[in-house]
Amino acid sequence: MAEVIPTKEMPPGLQVENVDDRIMTLNVGPQHPGSGHMRIIVKIDGDYIVDADPDPGYVHRGEEKMAEARNYITNIPHLERPVIHDSCNILYPYVLGVEDLVGIEVPERAKYVRVIAAELNRCIYIQYWLAIYGIFLGHSTMFMWPAGDRELFIDLMEKISGARVTHAYFVPGGVRNDVPANFEDVCLRQVNYFEKRIKEYGDIFYDNPILKARTEDTGVLSREDAIRLGTTGSVLRASGVDYDVRVKEPYDVYDELDVHTNVLKAGDSYARSKVPWLDMLESCNIIRQALEKMPKSGSIRTKLKPNPKGGLDEVYRRVESGRGAAGCYIVSKEKPEPYRLKLSVGSFRNLIALPYLLKGEKLGNMPAVYWSLNYWPVEADR
Amino acid sequence: MSVIAPKFRLGYFLKGIFDNAFWILTIVTLAGIPLIQIVLFYMDLPVIDGELLTAFLAFTWLFNPTMQIPLIKSLLYSDLFRIAAFPGFGFAALIAAATIFVERKMLAKLQLRVGPFYCGKIEGLLQLAGDGLKLISKEIIIPAKADKPLFWAAPVLFVGTAAAFVALIPVAPGGWVVADLDVGLLAVFAVIGFFPIITILSAWSANSKFPFIGGIRALHQMVSFEIPLILSLLGVVILTGTLNLSEIVESQSNFPWIIFMPIGAIVFFTAMLAELERIPFDLPEAESEIVAGWLTEFSGMMYGLVQLGSYLKLYAFAALFVIIFLGGWTGPMFWPPLDTELIMEGTPIPNFKGDPVLTVHAPGLPLFDKDPNEWVLQEQGELQYTSGQLLINGVIWFVLKTVAVIFFILLPRGVFPRIRIDMLLHIGWYKLIGLAFVNIFIALGLVYAGVLGPGGIM
Amino acid sequence: MGTATGIIKALNSGVKHLAVKRFTLRYPEQKLKFVGDGYQFDPTTGVGIAGLKGRHMLFHDHCTGCQLCSIACEGVAEAIAMVKVPDSWGQNKKAIMPQIDYGKCVFCGLCVDACPFYALYMSNDYELSSFTKEGLIYTPAQLQVKPQVQQDSELIIDKRGARHG
Amino acid sequence: MVEEHKATLTYTQLLKEDLGIFRLVPEDGVIPDYKAGQFLTIGMPVKSEGGKVVRRAYSIASHPENKKFFEFVIRWVRKPFPGRLTTELFNAESVSGVDFPDEKEIGVTYHLGSYTDPAYSKQVLALATRAPREETPNPGNDSTKLPSLRDMFYSVEFHEREVFEMLGVYFEGHPDNRRLLLPEDWADLPPLRKDFKNKGR
């Protein structure tokens, strides 16, 4: 007869885990300098990660529920909150969807202004992302340079929209105000200067042999797995899938511009971090093209009824944001408010790849893999 | 729009001042005055001009203009001064503080920002003092179930070991070193060997996961890089045939060893970066992976002490590099030293008949020209004479070279990312040790070819 | 040898930047110059006029007390409350005007878009901090005052890099 | 909307080695009127999995005025997983649940896109289904259940977890039906249901 060991009664809700001596559980986050606003429960055996469980939700604020109580216009400042430094792009699918629901046309000039604003925002986002990628790898210069050069684009966005981060600039039917006089010259000058700076990033960061040795062949996501996991944006393109919503399903005037998709084959952390860098160059190209082709004058906003209503209808629109495809699903029931609004965002879709990639990696690779997924915790929580 | 904070009350302000005054007075009377008495009445005091210094004499001479300089001189040549001020702790701490300032400003310049700017009016000179005050005034938090004695001891031990390291560094000719050992280099390695022990003890005693992982990493790193560190210096030891650091410096009066052993210098520099936990080898403190590594649980002045210790260590390593590879204090004189006789005996000026009527003393440097214990040493037969010019010249060269090395230690922080533990161990065990052996073979070749070393041409 | 050249390239790029002008905007001494006089809106065309979305300006002689700004704000921040003003105006029989709580305002400017009478604009003033929460609530009388702003720094790009000057 | 009937397979014809025509006649019930987007979910017990009913959705190929049988043209897609709907062709863009309290149902819409097929990559395919809704939900233990698509589309894993916590739709066959965004001790209604009122707004 085996002796029955008397167990202490645990308080309700407390779990008792079987503790293995070899396995150590680390709570990476939410107050960890390398986690962002989320927690990754990492189990390590020595220096190897045997299990990783992402636990987002620390910045969940119920944007989707809040949107059901607000009309189509007052939703605008709210829906850009999840990614304030990419606020134009996160708002873009919503605005396109409402335009479909209400049935209004956008003036040609407004479409170009939207494209310019969206690409400027993409640069702002990628620089912010790159800054954090730099500091995650212990490269403090790569934190400061993009964070400083981001000022160039913030300055441009502020000239257009009057706000530095939360622009609230796109509205159904166009944009809220015209660009200021001589904006084209200023924009061209700053974009040209920034292209020179991008080369410097290459010298000190991307061509750095230590960085390459550190991030190459870590967290390899094969082409098949990238498709199977449903990743999107730069993660997908780094794995060799040629997919960009701007090219495949062009919205506004992207079909009139020459957009090049940056695809790398390797699928490792280095490739995943290099694709956004190439995307910034591509954004500069697009901005230059759009400035050239933009009608010099014309209407900028189609007037909307004061309280627009959608029909008994539903719509799903998607755009390419800084983190991949951002979709907006609106169910309308003939009311000024959306009946249900769902944001499908790149961060949330890329999150699924995190536990898949982290298993079997070294602990030292965790920041490199985690942040190369182009993940923004606030957006994933919405 | 500057408005006094609404909570401000004059009564509290005055109470704070009185509180402070009360505690300062109490501490001075209870501890300060007894300390002064102990120093004055119970310590070994120097002999000045044939008279044993007593408290009475010291107080008297303090106000006697002719005896002030001998008094200060006797202080300068005492062991206490060497340990606390000039070649020892104070000097090193000053250079460490300057290092922190330079690091901040240089890194800021590289990263297109301004760095500390407002504290101290000029480019944030006093920022470090502000940071020190902040650290002192912060609460010290000790994790629950930590091993308290060890946890408290670790920062103190760290600073103590770093200071012991500093004590072995000669900075100027004529024995300006706290401990002039014949086995100086071995002593250096012995002291370096303490750091991993302190690190792992503090990491273990904190009873926390991240310090533990950081401590293990530090242990790996320091132990595996000590071997190339030692091996890279063997070449110099073979060529000079001595372990005494002062003699190693003197052997380089014609050319620094880096000319013959660049490989050894590179290996030593790399291993030095790893021992110092500087980027790109700052794995034990990798913030994005393990918060702050083995420093995670330190707070307040405990953290400040560890930082002080690590910057002292940085100075000591840079100085070691200068001593062994860059020729220490040797360098062209800024002004040629005067003859000993000119200073001590003066030049007799004869009158027209040829009889000496006047003796002109050449102006030496009043504080450094002569050892006050000269007559004692003369009797013992070991008079040391250091010219003031030689001392100042040596210190200037030494500091210049050290600052240059420190600059190169700081520079990678702005340029390189952190590497991974397996890459680090690979570099340490495969590449650096191999290169160190290549360096040793070069040294042996030079010796056997008869070019350098004991019995060589030079 | 790729490793060595990479390291030298990175070091070179780092050292080169020791001579580049610093980019930092030294805020209290330098203040950025903005486009125009602030964000304004033309309700006849339905298009705004570019400018910084800073603190609001209220023109008492245009405000009719229609509460449209308050209604627009309800869905966003609930920062605008309508309060009584002592003096009466011909176009504002109820004598109510918006009072804005900048502790809640998100500076989206939808209230400006909502105003059909050219009464509410936004100015260039963004320095609104206060020691108390009450200090952030701006009454109609305070909103009437045109802010004094001195903003002169601009982004300069030349051969030695970009900087604020 | 969802009805379950037994049906008999009456006719098969193999056109190619991986393509066939199948006809089904329902044993009880009639063939409904034609609607756009109509599809049929066919379930069969599988012996190798212990008699578990495996369901797959198929498009109806018969003529709209045909009221005698359902006709299907089914292709066996071998790559990459034999016997499954190919994920090369489709991946989940989003899974969104919509609460319809008036109809006592909860709708779940899968938006599927394609990365590799150039014809399908330009569009998004919406798959919609509905689950019964209960007034007093007990997530996981009531009738609000749907079969999980996780075996087919690996990418819906986190999306379905989110729908489960936000609307209380339990996905049978999902390996990891835990909370994702909400706190672990959330004891209120699933927040995206219409009877969950925002405080204030």
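Going by the order they are written in, the chains are A, B, C and D; count residues from 1 in each one.
As a working rule, contacts are C-beta pairs under 8 Å (C-beta built on N, C-alpha and C of every residue); 3 or more make two chains touch, one makes a residue touch a chain.
Computed from a prediction, not measured in an experiment: that's the story for all the values here.
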item: Contacts common to chain C and chain D (chain labels); value: A
item: B-C against A-B, pair bridged by the larger set of C-beta contacts; value: A-B
item: Chain B and chain D: spacing of chain centres that average the CA atoms, whole Å; value: 72
item: Separation of chain B from chain C, taking each centre as the mean of its C-alpha atoms, in whole Å; value: 53
item: Whole-Å gap separating chain A and chain B, where each centre is the average of the chain's CA atoms; value: 49
item: Mean-CA-position distance for chain C and chain A (Å); value: 26
item: Contacts with 2+ other chains: residues of chain C; value: 7, 10, 13-14, 17, 23-24
item: Shared interface positions of chain B, touching two or more other chains; value: 110-113, 414-416
item: Pairs of chains in contact (touch as defined earlier), listed by label; value: A-B, A-C, A-D, B-C
item: Chain B partner contacts - residues on chain C that touch it in the complex; value: 7, 10-11, 13-15, 17-18, 20-24, 26, 131-132, 161
item: Interfacial residue positions of chain A with respect to chain B in the complex; value: 24, 26, 32-34, 47, 134-145, 148, 204-205, 208, 210-211, 213-214, 362-367
item: Chain A to chain D touching residues, read off their complex; value: 13, 56-57, 60, 62, 64-66, 69-70, 224, 227-231, 236, 241, 243, 248-249, 314, 316, 318, 325, 327, 329, 331, 339-340, 342, 344, 348-349, 351-352, 381
item: Footprint of chain C on chain A - complex, ascending; value: 69-71, 73-78, 141, 148-149, 151-152, 155, 158-163, 166, 168, 176-180, 189-190, 193, 200, 203-204, 207-210, 212, 299-301, 303
item: Complex contacts: residues of chain D adjacent to chain A; value: 80, 87-88, 91-94, 96, 98-99, 109, 111, 113, 115-116, 121-124, 126, 153-159, 162, 166, 179-183, 185, 191-192, 196, 198, 201
